[in-house]
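Note that chain A is present in both complexes that follow, paired respectively with chain B and with chain C.
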Partner chain A sequence: MFYIAIFFQYVAQYMKTRMQYRADLFVEIFSDLLFQAVNLIFIIVVFGHTNLLGGWTRDEIIFIYGFFLVPYALFSSFFNIWDFNERYIVKGELDRILTRPIHSLFQIVLERMELESLFGAVTGIAVMIYAGNSLGLEISWTDPFLFFLFVIGGMLVYGGIFVMIACISFWADARTSIMPMMYNIGNYGRYPVDIYNSVIRFVLTWVLPFAFVGVYPASYFLGKEEWFLYSFLTPVIGIVFFGISILTWNSGVKRYRGAGN
Partner chain B sequence: MNDAITVRNLKKEFKAYSSRSGLKGAFRDLLTRNYKIVPAVNNISFNVKQGEMVGYIGENGAGKSTTIKMLTGILTPTSGEVIVNGMNPHKDREKFVSTIGVVFGQRSQLWWDIAVQESFRLLKKVYKVTDEQYDSHMAHVIKTLDIEPLLDKPVRKLSLGQRMRCELAAALIHNPPLLFLDEPTIGLDVLVKLKIREFLKEINEKYNTTILLTTHDLSDIEALCERVVMLDDGKIIYDGTLKSLKEKWGEGKEIEFQFLEEVDLSDLNKITASSEVKWEKDDKEAIFTAFTEDNDELISLLIAKVVADLKVKDINIKETSTEEIIRNIYDRGIS
Partner chain C sequence: MDKYIEMIRIRFLMMLAYRTNYYTGILIYSINIGAYYFLWSAIYGEKDAIEGMSVIQMSTYVAVAWMARAFYFNNIDREMAAEIKEGKVAVELIRPYNYLGMKTMQGLGEGIFRLFFFSVPGMAIVSFIFPLQFSADWTTWLFFAVSILLSFLINTQINLLTGITTFFLYNNTGLIRAKRVVIDLFSGLLIPISFFPVWAQDILRFLPFQGISYVPSMIFTNSFSNNEAIQAIIMQGVWVLILIMPIQVLWIIAKKQLIIQGG
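So, the complex of A and B:
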């Protein structure tokens, strides 16, 4: 409860700070919307050429992509930890975090949130509605709940993987370029995994389970029964991966060396 | 009575990596990196009682900040035992840190972009401080530190002195019984320093707050701390009152004379030939200083002799300053 209250305190503060620079805010919202619009057009143009891909139709692929954008938007709003090493370890900002009575990872999530990224979810939903319409999908009353569950699961998968990568900084002091590489690998989850060979499929399912952010949960809404088991595994995988990442984080923090001045 | 801080055989080692030279060395570094284990804090033990103000001093790199980081739960010790406020700082970290306040002079604890009062408001929630507690306590803190006019400015727009005062106030929002200050007066002007000292003294008296502070400005210690712990190369080389440190290591007194007439060093040496005195004159030849043992009788005898023979304009008896004493100890080591 306390954490939820604190979360909203930070959100309120975030909004307030943003409002202070109102002109900036409008420019930013405008450019965000513009960016999402361009994104949308881009998707339709790019996928316009693919008609069938490993048994998936163009609209199905667009639908998966739209779904992917939603957990991804949540992830990028709350897990801005790509510069964790430079900001918190090298500069020693973690010192400050560790002297406050809130879980350290949660504090970083709060400090670094970027709520503008949530616009991506709007684009995602728009894309899903567009593709869903062309496919003639129907919405049942359970769909919104499952959608919510799958989206949270997908966000936790993404968050878990990136938190674990951030944790490398606790053990190795050399800078790593794994972060950008991981963003690239993350993109593979947007496409149906059965178009890849079995090794990549295995990796995307069990090792770096990005498939649970896009294709698996989206398959449920597309009515692809052969994938339903995986769809329903989404929240489980999310919780497991995120749980492991928190345990890794907790033991990593114990090894934090601080920045020598 | 329970001690605020208990430290037993505390040790922290860092791995210091060194890279080998040349291309071949770089390749070997890839496989196995050379490192030395450097003990930053080496088997120290001490206790601090509730309500004490302790000065923690030592040269650059002595291990002061490392100790504070272990006491505040930021770093995990390599070995040894730490009990602070009855808890182990590394277990139960979140519960522990709400019983301490921390200020690092070198680094800001506040959020850079938001106004000071917003920071305070957020911290108030973080520390679960009620409105009544906040109002009764912080109104006073804000007034004493004179930061009212700064409250609506973002931290990045404050000067160092202004920021430090806000940092101090922020560390006290939850009115912790124990305060750690790592170089709180670094880079501040005299007035701000005085204000901060006054303030620390006041909260110590009012709330019996325990304060452990490191500083390179010994006048901070003289103004605030009865007790000093001196660290050298990760080891405690002195732990006791400032007074006995001075008595033990203060080597004699200095008496400065200014004369109304032309005086020569040889005259003075002649006058005081019977006692153990060393004379020196400053560059402008206006002030003559006699160095002598710290013995009241000897000193009055010396003054009497000088005054009997020469016309004196001004006399000033000085103790060896703490600064000098400490410098001597750093230079020569304690033995």
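So, the complex of A and C:
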């Protein structure tokens, strides 16, 4: 309960600080929209030259992308740990975090949240509604619940992977360039995995399971029965990966010796 | 001039100290190229050519576009934003060099480092994995070399412009991100410009972005005739000259209304 209270206090503080730089806030939301638009443009331009992408139609691909945006928005609101190394290890900020009586990772999540990214979820749902309409998809009463479950699963997959990468900083003190590029790799989960070769498909399913953020869960709503098993694995994979990342984090924190000063 | 060359050298050595980062970088860029390779293969399907490019030319395009990005890409806009926000820029302005020139040189030092330790080995690795086509014609390589240098200049100038806006916006992380996204799409990194609908191509023709990725990549894949290549390179050069103007103007205004927020 204490954690929930802290969470809302941080949210309130966050709102105040963001309102200081209002112009930048709008630019940031706009740049998010732009980023989403660019990906849609990519899909649309590509489908100007072909009708099917590995057996998937344009609207199906757009739907997958729309779905992907929702867990991704949650992830980017709460897991801004891409600069964990510079911000917390090199500058020794983690010392400050560790003196406080809340789990260190939770504090970093709170300190670094970017709630404006949640707008991405709105865009995503809008894109899904648009694509779902053109595909003539019907919504059953279970769909909202499964949607919620899959979205949380997808967010945990993303969160787990990035927390694990952040943990590298506990063992290796050099700056790692994996973080920014992992964002690129994450994007591949939003295309149907059957267009990749089996190695990449395997990686996207079991090693860096980004496919569970986009194509697998979205397949359920598209009625692609051959992927249903994977769709329902989404929350499981999410919990497993996030659980492992927390364990890694905890053992990393034990190793942490401070940056001096 | 010496001090600028020294800047290149220092940045180069600094990057060399952190070179382990780049082994992972190459691996991840390769995965990146691979995924686009499969995406494009699926798009081509049974087709031999789209917009005059074969699937092999397209995979070469993707590979060279990404590997060239390692050369021209830099974060000097973010560095500038940080220096301005932290107030360090005040010290930089007192120093006996041109701040923007110095930033460009740092970017170049980084670029040269990545060219040798990232792009070249990366390209070699990628060519073992995917079917790529390298030109045997030395003029292609010459054009490519000139073109890629101009790409660096255009991209760096756009970064400088974005960096300078920190003077006016104080906090411009959003703008920096927006710029990056726009460049990835409109420079032709993700899709060759010739794949866009004609009306979009007509607009993009009047923007500097295609000089960043599309032109060198098209030259590298032999998708341009010699004449087209020369014209494209001249266009890149013209853009480099045009972009100097807004940078200078904004820089003069920025220095006048500079507020140091900390330091």
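We take it that the second predicted complex is superposed on the first by the 229 of 261 C-alpha atoms of A that agree within 3 Å, B and C clash if a C-alpha of one lies under 4 Å from a C-alpha of the other, contacts with A are read in each partner's own complex, and residues count from 1 in each chain.
Heads up, the rule we're going with is that a residue touches a chain if its C-beta (ideal position, glycine included) is under 8 Å from a C-beta of that chain, and two chains touch if they have at least 3 such contacts.
Everything quoted here is computed from the prediction, not taken from an experiment.
Undergrad: Between chain B (first) and chain C (second), which does A:Val11 come into contact with in this model arrangement: first, second, both, or neither?
TA: neither
Undergrad: Tell me the contact category for A:Tyr21 with respect to chain B and chain C: first, second, both or neither.
TA: second
Undergrad: Considering only the touch criterion stated at the top, classify A:Asn184 as touching first (chain B), second (chain C), both, or neither.
TA: Touch status of A:Asn184: second partner only.
Undergrad: Of chain B and chain C, which one touches more of chain A's residues?
TA: Partner with more touched residues of chain A: C.
Undergrad: With the two complexes superposed on chain A, say which partner A:Leu229 touches: chain B (first), chain C (second), both, or neither.
TA: It touches nothing on chain B or chain C.
Undergrad: Examine A:Leu115 and indicate which partner it touches, taking first as chain B and second as chain C; both and neither are also allowed.
TA: So A:Leu115 meets neither chain B nor chain C here.
Undergrad: For chain A, which residues belong to both interfaces, chain B and chain C?
TA: Chain A residues touching both partners: none found.
Undergrad: Where on chain A is chain C touching in the complex?
TA: 21, 23-31, 34-35, 38, 41-42, 45-46, 48-50, 52-54, 174-178, 181-182, 184-185, 188, 191, 195-197, 200, 203
Undergrad: Which part of chain C faces chain A closely enough to touch in the complex?
TA: 18, 20-22, 24-25, 28-29, 31-32, 34-35, 38-39, 41-45, 47, 50-51, 169-175, 177-178, 181-182, 184-185, 190-191, 195-197
Undergrad: With touch defined as at the start, can you tell me which chain B residues reach chain A in the complex?
TA: Checking each residue of chain B against chain A gives 14, 17, 65-66, 69, 72-76, 90, 93-95, 97-98, 100, 102, 104, 106-109, 111, 113-114, 118, 122, 125-128.
Undergrad: Of all residues in chain A, which touch chain B in the complex?
TA: 2, 5-6, 9-10, 13, 16-17, 92, 94-96, 98-103, 111, 173, 254-258, 260-261
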